[in-house]
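Pasting the structures in now, so scroll down.
What follows is subunit A paired twice: with subunit B in the first complex and subunit C in the second.
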Partner chain A sequence: MNNRLWAFLVPIISVIMALLISSVVILLIGQDPIVAYAALFKGAFGSKLAIASVIIKTTPLILTGLAVGFGFRAGLFNIGAEGQMVMGAMIATAFAINVAWMPAVLAIPLTMVVGMAAGAGYAAIAGVLKAKTGAHEVVTTIMLNWIAEYLSSYVVTVPMGVGFGTPKSPEIANSAKLPPLMTVQATELTSGIIVAVIAAVVIYIVLEKTTKGYELKGTGFNPYAAEYGGIKISQNIVLAMAISGALSGLAGTLEVMGVHHRFLGTLSGGKGFDGISIALIGQNNPIGIIFAALLMGSLRTGSNEMQFVGVPKHIILIVQAIIIFLVAADRIVRTILIRKKRVKAS
Partner chain B sequence: MRVLTAIWEIFTNPAFYKLTLTAATPFIFASLGGVFSEITGVVNIALEGIMLMGAFVSIVFTSVTGNPWIGLLFAILVGLGMAWLHAWASIKWRGNQIVSGTALILLAQGVTGFLMEPIFGRPGQTDIVGKIPELRIPLFMKNEFLAQSIGELSPMIYIAFGCVALAWFIIYKTRLGLRMRAVGENPEAADTLGVNVYMIRYFGVLMSGIMASLGGAFLSVGEVGNFRELMTGGRGFIALAAMILGNWNPVGAMWASLLFGFSEAFANQLQSSSVLHVASSTKPLFNMFPFIVTLIVIAGFIGKTRSPAADGVPYEK
Partner chain C sequence: MRKALVAIFLVMVVVFAMGFKVIMVTDIGGLGDKSFNDGTWEGALIAAKEIGAEAQVIQSYEQADYIPNLTKAAQQADVVFAVGFMMTDALFKVAKQFPNTYFVGIDITPPEGQTLPNVVCYIFKEEQAGFYAGYIGAAMTATGKIGFVGGIPIPPVERFRYGFEAGAKIYSTLHKKKVEVLKGYTNDFEDPKKGKDLTLAQYAQGADIVFLAAGACGNGGIEAAKEKMVALVGSDKLADIIDYYMKNKKGYFAIGVDVDQDYMAPGVVLCSATKGISTAAYYGVKAAWEGTFEGGLQVLGIKEDGAGVSPMKYTKGMVPNSVIAEVAYLTKLVKDGKLVIPDTEDALKAFQVPSITFPF
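Let's turn to the complex of A and B:
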């Protein structure tokens, strides 16, 4: 079988196997997996509102998936999408609160740029550390995640905090809010999804059609050969981390501009980590990532409905873990497929 | 000035040294786990996940049997199971070790969160179900400062230091240790000389599972006696940093763990200092401290340490 087909088959088989193994886990706590998965499906696609929430949830996931996937292509494992998202959202909010005097045509793109720059700058710290000292980005971005988490929970209560109860910032200016595509029962379907899809197309073009993209892929594929070929490795590491961080920062920014209209502190809730699963399922291909994000968005949305039939929504984490595990060791899946083929042939 | 007074109070308080040892212990266990795995050439970022499972399983079995030592035993078994999964994916199937480690972290977060309600009836955290009692050393009780700092410590703290000595002995003084290092540096050469590369790597990864789950179990049955979702809070990654700072040497990892334990205890003491009156809204800034220290340490020292040459590279016969 050719490589393209494998790239397509491995994630699909991994998802199916993960759902099967998880159904055993559901059985173990005495619940019916068919009932659970039916609830999951209904929760994700059972109504107009459900579909709208799937799209809302998918929007940031496309971007964190792109962030991680872009990093992978350049040979970096950006596990810090979580922290970059928070930093992007926080600084974009600080900016967007003060732009009431600007027209929307200016305020909307500028807020996005600010959020992307914040995410890029934060990720670049890990990039510089890797390029200068060789510190592995997995360890440094995890440290940066925790620093962002604590910093944001301070910022949202003290310097930015308003009102009582849950910590929150003031609302951003109306001119910086993304216009909704449509409104389903008081839920606004944000136009952020369009921005996210455009970002995927841009990343696809950068990776496949530009010299810089070729250099970044070269750095990831074989840094020694790339360096021999005259590509500046350390410069490209910082650049790749910054682009990856900009995508995560945009994910956080769109959440503020399109969904919450304010900063709520730790808003990421695992979306940065979901990015890892999404990049792996999408095989680091921007278009594949859109579909993988849609899958993860539906799982996340549907899992709320699953709670009602007695299956904790943590099952989604287990599903994700099994998918990532199988994609990491994709030879397992390949071996299973080849064996099946042999059985059929004989 | 007030800050200096507060710092002086912390350093002269014997309880601070006990807190430092207590905070360092999970790092010591888990960083030893990192050393065992990585000197054979397998990167194990799953430490964080194995710790979380260890913390959870030890509480589950303590609440079932009433004996925290039995809880600890089951934590070790589950730690071995998690480590075996990582070894299986990265040695047998030559998978991407960092990605497989990430999967195991998610698996631990998923499984522990998923089982909270079926087992304990509610999400979030469990009741206090019991912990390993502290060990009183009569010799230290005579001096008041010693009595309050190291007079009564969890026996697991002594076990942690014992494991450091054991790890050092295995790695540097036995034939097995020599083979582990050989496999981590140059698996082809070791293979040519008749060393079973796969077997040695399995051993290293499985040892890391035991160590990491002990580190996690210390957080629950060793320290507080209950389990909280995501209670490891990034400590597995700090342990990885301790392993790097300690130059992949058990004794070095111990000193680095003590440094990180010190910074965690210091940040905790500073924010609860009666001299400073830190507002509760400012406390998150203090919680950043251990992570900032780790980041600076990694940035400053990493060029000066050297990882095993074949670290993270799957071996294909």
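Let's turn to the complex of A and C:
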């Protein structure tokens, strides 16, 4: 079997196996796995509200998945998607609060550009540090995450904070809000998903069809060989980090423009880290990442419904963990499959 | 005829009760926070049991879950609980869509100018609970330094701090004991590790009693206190801790928050500054059931059983009787409005300890 088919099969089989293994856990806590999974499915796809919630959750996950996946392709492990997302969202909000005078055609793309630039700039710090000093990006991006987290909780309580309730910034200007695709009760399905999918396609084209993409991948595969072939490594490292950061920044910006309409201190909620597992499940392929994000988004949305039939949401964390484990250790899945085939053949 | 009527009435009551459903939506802290999520759930359960209603809990992963979870809950339940300050905006958005469902917000202040007839919000005079922590902490410290570990500096956390600082100031003025208050925030309500680190840092700066107003982060702070205390005493048994303290008059203590957390480390948690969370949750359900539900904001303090101090089941022996008597007397002054605990930063700055003479 060729590698493409493998890349496609491994995640799917992992999901099925994860659901089977988790059903044992559900049985152990005295619940019926069929009832639980039926609720999971209904909660994710059973109503307009459910589908809207899935898409809302999927949107930022696609982008953080892309951010991490793109980094991986260029040989960088960007753990800083979380911090870049926060910085992107925060600076985009600061911009979008003040653009009431602009028409939406200008305000919407400009806000996105500002958010992406903020994410890119923040990630480029780690890129420059790596290119100039060799400081490993895993360490620097983790450190930058904390700076972003504490800075954002300061910003949202002191200079930008308003009103009672959740620590939050003022609402962004109406012209910078993404138009909703549909509204179900208090839930607005935003058009952010379109932006996220476009981003995935663009990244796919950049990686697969352009010279720059080839250079970036070359840097990832073997930096020494790439350098020997005339590729400027340090430039590419900074560029790859910046693009990765721009994607995370966009994730945060879309959350502001489409979902919350303001900046919240806890806006990222670990989605930057989820990007790591999504990139893994999507095998670092931009199109695969869309589906991986959709999978994660629907599992999470569905798990809320699962609670109504008495199965704790934590089961879904188990499912998630097993999927990641199986995808990461894809040899296990391969071995099982190949053995089955051999048994059949004999 | 009368029998038939009674029978019909009874059936109706039973059917009605069967249909009555209470759903609580937690914030991201979730159940098991040993704090206000658990406290609300406890109160909701007691009330549900009493009236024979069905009760369910739905937990949220992230802020984006609040609206869908509240919506789903409102579709199914008669009374929906939204727990925690962070859910304010979501609660009011959803409640507008479901005018026939009752909503109870715990620790939630209605946004300016927004009151809905189907939403009752309970908040607490945390400063009055924090006052106990500050007063008892100041009385018990051997180093003259007590610490405050807050979660995210949102108003309820800040009110705890105002009360804590005021309580310490009252003790220090009345007894002419110099007490310094250290302050820090974890910027989080979930991760016990952050609470532990900050608590250990304050111990390192010389504090020996730390008040943990940080939700589930506080659980880590209690763990830190326990570790330090056990290292000092050489045993984690309550009797040994009490013996050691009575002999040496020193130790490491934590002060719990929201609900009675004294049991989490007997002898190490000096006391807990409690809020009447389960009381509020209980009244919310009862009011909806009895049809006396009224939308708006309810502020519960010492007087309304909305703020208090744990009974100090394990540590009573260590705290001098005089302190306990003073606390009881001051409680009465607060109840009568003769002692006003500051509830804003400005009030705290302007706070002057009134001349209080204990009648003993």
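To be clear about the criterion, the second predicted complex is superposed on the first by the 345 of 346 C-alpha atoms of A that agree within 3 Å, B and C clash if a C-alpha of one lies under 4 Å from a C-alpha of the other, contacts with A are read in each partner's own complex, and residues count from 1 in each chain.
Everything that follows uses one rule, which is that a contact is a pair of C-beta atoms (placed from the backbone, for glycine too) under 8 Å apart; a residue touches a chain by one contact, two chains touch by 3 or more.
What you are looking at is a predicted structure, and each value in this text was computed from that prediction instead of being measured.
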When both partners are placed on the shared chain, which of subunit B and subunit C touches more of subunit A: B
Contacts of A:Ile276 with subunit B and subunit C, given as first, second, both or neither: first
Contacts of A:Gln320 with subunit B and subunit C, given as first, second, both or neither: first
Which of subunit B and subunit C A:Val25 touches, first, second, both or neither: first
First (subunit B), second (subunit C), both or neither touched by A:Pro312: both
Partner chain(s) touched by A:Leu264 [first = subunit B, second = subunit C, both, neither]: second
Contacts of A:Met17 with subunit B and subunit C, given as first, second, both or neither: neither
Partner chain in contact with A:Tyr150 - subunit B first, subunit C second, else both or neither: both
Touching partner for A:Thr301 - first (subunit B), second (subunit C), both, neither: second
On subunit A, the residue positions that both subunit B and subunit C contact, one per complex: 150, 153, 157, 312
Subunit C residues within the subunit A interface of the complex: 28, 56-65, 67-72, 76, 85-90, 93-94, 96-97, 108-109, 111-112, 152-155, 187
Interfacial residue positions of subunit A with respect to subunit B in the complex: 25, 29-30, 77, 79, 129, 132-135, 138-140, 142-147, 150-151, 153-154, 157-158, 161, 273, 276-277, 280, 312, 314-325, 327-332
Subunit C contact footprint on subunit A (complex, rising order): 49, 53, 56-57, 149-150, 153, 157, 163-168, 185-187, 259-260, 264-267, 269-271, 300-301, 303-305, 307-308, 312-313
Contacting residues of subunit B [partner subunit A, same complex]: 45, 85, 88-90, 93-96, 98-100, 102-107, 109-111, 113-118, 123, 233-234, 237, 240-241, 244, 281-282, 284-285, 287-288, 291-292, 294-295, 298-300, 302-303
